[in-house]
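In structure tokens below, several structures.
Two complexes come next, and they have one chain in common, chain A, joined by chain B in the first and chain C in the second.
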Partner chain A sequence: MNPVNAGLVLDGLQVGHKTHDGGTSGGPLLSDVSLSVEPGEFVALVGSSGSGKTLTAMSCLQLLPPSLGITGGSIRLGDLDLTRASEHQLNSVRGGRLGMLFQQPKRMFNPNRTIEQHLKEPLRLHAGLRGSKARSKALELLEEVGFADPAKGIRAYPHQLSGGMAQRAMTAVALAGQPGMLLADEPTSALDKVLERQILQLLDRERRERGLGILYITHNIASVAAYADRVLVMNAGSIVEAGPAGELLTRPRTDYTRELLAAARLAPESRRRPPSRERDILVLDGVGKHFGSRRKLGHAALQDVSLTLKRGEILGVLGQSGSGKSTLAKAIVGLEAASTGSIFRQLDTAGPREGTAVQLVFQEPHSAFDPRMTLRTSLQAPLRPSHDLSPEQRDERIAAVMAEVELDAALLDKRPGQCSGGQLQRATIARALLLEPQVLICDEATSALDALTQRTILNLLLRLQRERNLSLIVISHDMDVVRYMCDRVAVLLEGRVVEVAETKDFFAAPGHPHSQALVQASIPCRADGLWSVLDVAKP
Partner chain B sequence: MLQFITKRTATLVAAVVVSSFAVFLIPYFTPGDPVRKIIRSRVAGDAIDESAVQGLSESLGLNDPLAVQYFRWLGDFFSGDMGLSFVSRTPVAEQVLPALSVTLSLVTMALVLAAAIALPLGIVAGLRPGSTADKAITAVTQALIAMPEYWVAPVLVLVFALKLSVLPTAGWNDLSSAVLPALTLALRPISFFTSAVRTGIIDAAAAEHVPAARARGLSQGQAILRHVVPNGLVPLSTLFAVWFAGLLGGSVIVEVIFAVPGMGRLLFDAVVNSDIPLAQGGVVVVVALAVGVTTLADFVHRFLSRTVGASLA
Partner chain C sequence: MRKQFNVTTLAAAVLALIVLAVLLAPWISPYPPAEQNLAERLAPPSAGHWLGTDNLGRDTLSRILEGGRFSMSVAALATLLTCLLGVGIGILSARRRGWVDEFLTRTNDVLLALPEMVVALFIVAALGTGFGPLLLALVVTGWTPFARLARTLAYDVSARGFVDAARVVGCTPRFIIFRHVLPHLAAPVLGQATLRFGHLLISVGALSYLGLGVQPPQSDWGSMLAAAQPFADRAPLGILAPGLVIFTVALCVTLIGQRAAHMAAAPLLMPQMAEK
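Then we have the complex of A and B:
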């Protein structure tokens, strides 16, 4: 074990809002947070979003926003009390002894600097490497995190990398200062299962090989079960439960933990409904979509996609990032015309205008609303073109869908910035329902939400499907979501449909090699007896 | 990138051709017949011989079709023959080029001065928005916008030339004579640059990658120097070019007040004297230069900000 590695110990940490005179106002955001991470230990900190996990990590680095301050307790890294350390000492600790791996890698890179420039900063500051030595070390790091062509990757600007590659590059940056302790803040929540597994395995290797201590912040229980030694559960700014992973996950003591675990266990078994005898409502025949000039035979996002959707059916579309899932959604709704092939809609004759009968629920609820408009204004927008509605009728319709998605009508006068992700996603669904759609396409509709919220939204969608006999297309990279929701599954790989199967058959025996890899990756790779927690068969 | 350069260059050529055609048409929309004006300027008395009018029109090629005249004019123009000034009877090119070099120096000095003042002010204001320093800087620079050149210039002359006698009142001889005109011209750009830098810095400082840089161990100062300031200055390159292009033809008031023999002064005189060839030559040169500078700024901006146009590539 590396002798400079030292444990991270938080003792009674308290964080609150700072007032101008140095005092505090309002209740504490973190209260009495005590935890420790030893060198070589993989400790998971779980909880729903807003529970204070990220705040805990930023406190350790002493990088809280200016409006917040530590009001009590201590944070020790070895012998050094970080709450009392000088700015000079902190600069050598940050990225050096104590590294941080962020979520949303693309936003955490300076868009105007290359990966090389980012990597060289910690190399110069913490390893004293400059020039060609720094460059060769940077190349080495990129190779280590899985860049196939480090010489090319090092010259790239962040926007030129895919999400997965950017997260690997971010991992290389975090490891460049040879930290003994790593704060990993949801490092994989934006990634699909295959990439998630690669990143976590990489961290786990660093832990085994050189005694890296890891505080892994997540809301993904499956990955916790696969890697963590100990688990801490955080709710509303306090640690509510802590213990060895095996014990805590199998015998949770608090209701909150039980709820978290239940939410993680979305799909104890595949959804089972008798095959639908209804007629097809949507038929895709040889749909293709090409980007770029036709002459140069530009990038083909979709090739020869043929699918059917029955009335009242829930069809899952699985695929990794970049497989063409979103392009497919846009083509079906009509936001982007398909280059080849045809899409037939066989709608109910009783339905309203044909154009709006297929609606889309977007991935990022915060970017699906105009930040300057109140929700009421946003929800009124789709009803404007139908002139047959009086203002009173319009308000009635809006009130009705708000009730249907279980949202308080008072929210209508709020702006998106004042709402939580879960509330906004409900509002997105309400907006789609306003036009009485017959087909609802959910494009990663819950992947930006934490597990608890995700579950409530999925249940809402299932109820709406039942009550309105909607047909749903659930597009996701999350195997659990698809397993929980869908009657049938289609797998997209590089713009082609490689497999279509009943959900149960698909998870029991995936046919295509890519499907097998997806199913395999969704099963954590742990040797001890935690499989029961996840309700999956041991591979 | 090559495609981008080709496209922008084609746009540049098109803009110059279209505007030069508009300039070429100026005489056809101005009251008074230039041919008669020329003859009147050469003969005594009011009577004009109609055959002389016909003869001069023929010899000047004014009876040819418009398109023929335009391409002849354009061809001559770009081979350096911009015609003869009505007033001085000397080639227009010989008057335009020295005036252009004067205005280029004046505008460059004014904008470099403006940037040199605006950069530190904008950075200080942007790093601590809402602070006393920010409020003071914003108030002063906003006040500058409200000061017209024809008021600022005499005040500066009064103070520095007449009261303190440290700078000449007018003319264009040495560097000292350039100070007051450049300063006058710089006032409004100072205001716009400061506000652009301030906004750029505020946006750049709010980016999430800044705390991420701190987490790598960069000190506050290093993070600002490497990740905030460079990113915050990107918008300035475009603004700089827009002002450069604008001031090339927009320095009239300052040049007239300070008797600077530049383009603004030249165009002003040409218009007052109905010296159409001189006005045409001056305007086309200014337009070509303005479009060229703006295009160049697009290249620079694209180089500085990697993500601009990334989706187009």
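Then we have the complex of A and C:
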């Protein structure tokens, strides 16, 4: 076998906490994980968050956090046992024979170095290229991963790239060392469908053309169905099920896998409501937002956005990364003043405070809470301005909303670092509900969560919407989420609304070319018909 | 972790001992600090003078005990005031932005461009010597690093998601500053403050040496250091003793400050790490 393209074999891998004296404490975090990836194979590793997927990948690279250690088993790349390899051997393996693609490309780049500098490092270390040779190879790589203008892209600093471009650049960096094996840890979960598809197609091409072996870690079942040869299902630190993709996805053997697959299938039939006859609660008229100084109008994030939201309606706002979705959310909620146009709120007079009747559920639940505060303190904060509440009444209100979002009251004394993403997202919703809002804006509220958690949060939002007759604005790049939740859909492109339509009509016959591209991209292409069997995101 | 705890305890004990000795100086000093005995100039350590005497035959130990009161109180007060002023200005800059930020930051730059000691000399020369003017001089020149640090950190915190979240649910700016911004500043500012304390201890001495701090025959550690310098070859203890005391106090304060900063950051650490 070609030594560069050697298979990756994990045999009985066990990972646990290390104590000071080199022993272990607590139960193992990974137990008896055995898997193999052959060259040219696309293997998917799925499971909900916290199941140990990333830990498995970091073990392969021997890059576990210092408090963790491998306590048993072996990891072999060809004939090299990585658990016993010297640091010197490992350095030639990392980024060389074994590449890694990270989840959040922007955090993995050094903000002070250009893409060129990032690319030249693996080229020098693993391909021995320097100077102009390295530069021309770097340009070649960027072109390969889909940079329209590699000469410009190579000079860019990470912050100048959009999320999708950064992930492409990261892919180029990972491929620069000519790896035989690639660990891809949720490389697309922060991207919209169009970009996701491009990145995965790129990896798939490398697999076909060069025999790249890929271990694809994800919680996105749809992409697994489209690309993976084999699937491994992980739960609580061990592999619970493994098999060829077609077989496993159509005939799952364990309950856990069935649950996982069910969650991925956000059946659009589950909700059909007649068009609302209620009055408009929110009217946006020609809203624009420009960044830059007052005298010189800078980059326009929003231009002439006119939308209406009826009472009790769920409006979806679709758009790619950088289309102005988050700016729109901030403008409606009042975090950023609109530069032009106006936003009318026609709220019920019953609301306690006009200023807080529109609430926001954040994209990243972990950053929406102060890491120093317990959840109780964070939840008490919104009630502070209304002085008419006694401490007992306040605690009662908090207990009531906690029950409403199905959270254990014991969680109130924990800090954000001790909670899972799903729990925190429920807490964010609870915090918003404390103020009895009439409009709730969910800005990518579930895109940082795994499929199972995502589904429960979406159902929670739907239940609250029903019970409280809330109006929701669901901002997302995820077509499935929008179709599952929304009555109407608005499409944002470069800060402009290009289409507004009823959800059913939109997915049946998208009007604008950009909408058509979005709808199309949500069905990944693979000729073997697996897609139709699974019937996950077919319109 | 256990080892660090012991070091901190030791530092706290040593500092407490020094502070106590300095406070009790009038009662425990072996000699009146200004009492001259020219027959015993530059004497080596002996049973009568544990740390020897200076060039006027004054007992070094007594002078260290007396001088500590001035040195430490000026340094401590100056640290506290510069810290409060600097953090206040830094947060104001970061919250107000615009021209307020511009003005305060440029003022900061100008002050940083001038040599600290020259500005302090100017102020003391204009207002006269003594405790008050000296403190003022140190505060006016000393707030800049705190303001820089606080401004940068406050900018950083203000951009975090939870500050947006707090604004959306209607929290007042006061709440955001006191409950979100200040706690995030605590650890780095404490670290900075302990470093500044040592630096100020030396500055007080330098100004006294130039005749702008304490007036003879009163003593303080810095001026003792300076006064003993010409006689270093004959009575090295005259320099070593106050030098070591300054060093010890600065080290103890830094160690305690580090521990305090660590504790201020503790809620951020993972629970299992905090327990260790």
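For this structure, a couple of remarks:
Basically, the second predicted complex is superposed on the first by the 521 of 539 C-alpha atoms of A that agree within 3 Å, B and C clash if a C-alpha of one lies under 4 Å from a C-alpha of the other, contacts with A are read in each partner's own complex, and residues count from 1 in each chain.
The criterion applied here is as follows: a residue touches a chain if its C-beta (ideal position, glycine included) is under 8 Å from a C-beta of that chain, and two chains touch if they have at least 3 such contacts.
Computed from a prediction, not measured in an experiment: that's the story for all the values here.
Clashing of chain B with chain C is the outcome of superposition onto chain A. When the two structures are aligned on the shared chain, A:T327 is found in touch with neither chain B nor chain C.
Touch criterion met: A:N91 reaches chain B, while chain C stays clear of it.
In the superposition on chain A, A:L434 makes contact with chain C only, while chain B stays out of contact range. In the superposition on chain A, A:Q104 makes contact with chain B only, not with chain C. Within the superposed three-chain model, A:M373 lies in touch with chain C and out of touch with chain B [touch as defined at top]. Shared-chain residue A:S476: touches no atom of chain B or chain C.
On chain A, the surface touched by chain B in one complex and the surface touched by chain C in the other have no residue in common.
Residues 17, 67, 330, 333-335, 353, 355-356, 359-360, 362, 364, 367-373, 377-378, 381-382, 384-385, 415, 417-418, 428, 431-432, 434-435 of chain A are the ones touching chain C in the complex.
For chain A in complex with chain B, the residues that touch the partner chain are 58, 61, 63, 87, 91-96, 99-100, 102, 104, 107-113, 118, 121-122, 125-126, 157, 159-160, 173, 176-177. Chain B contributes residues 207-209, 211-220, 226-227, 230-231, 234, 304-307, 310 to its touches with chain A in the complex.
Against chain A, in their complex, chain C makes its touches with residues 160-162, 164-172, 175, 179-180, 183-184, 267-268, 270-273.
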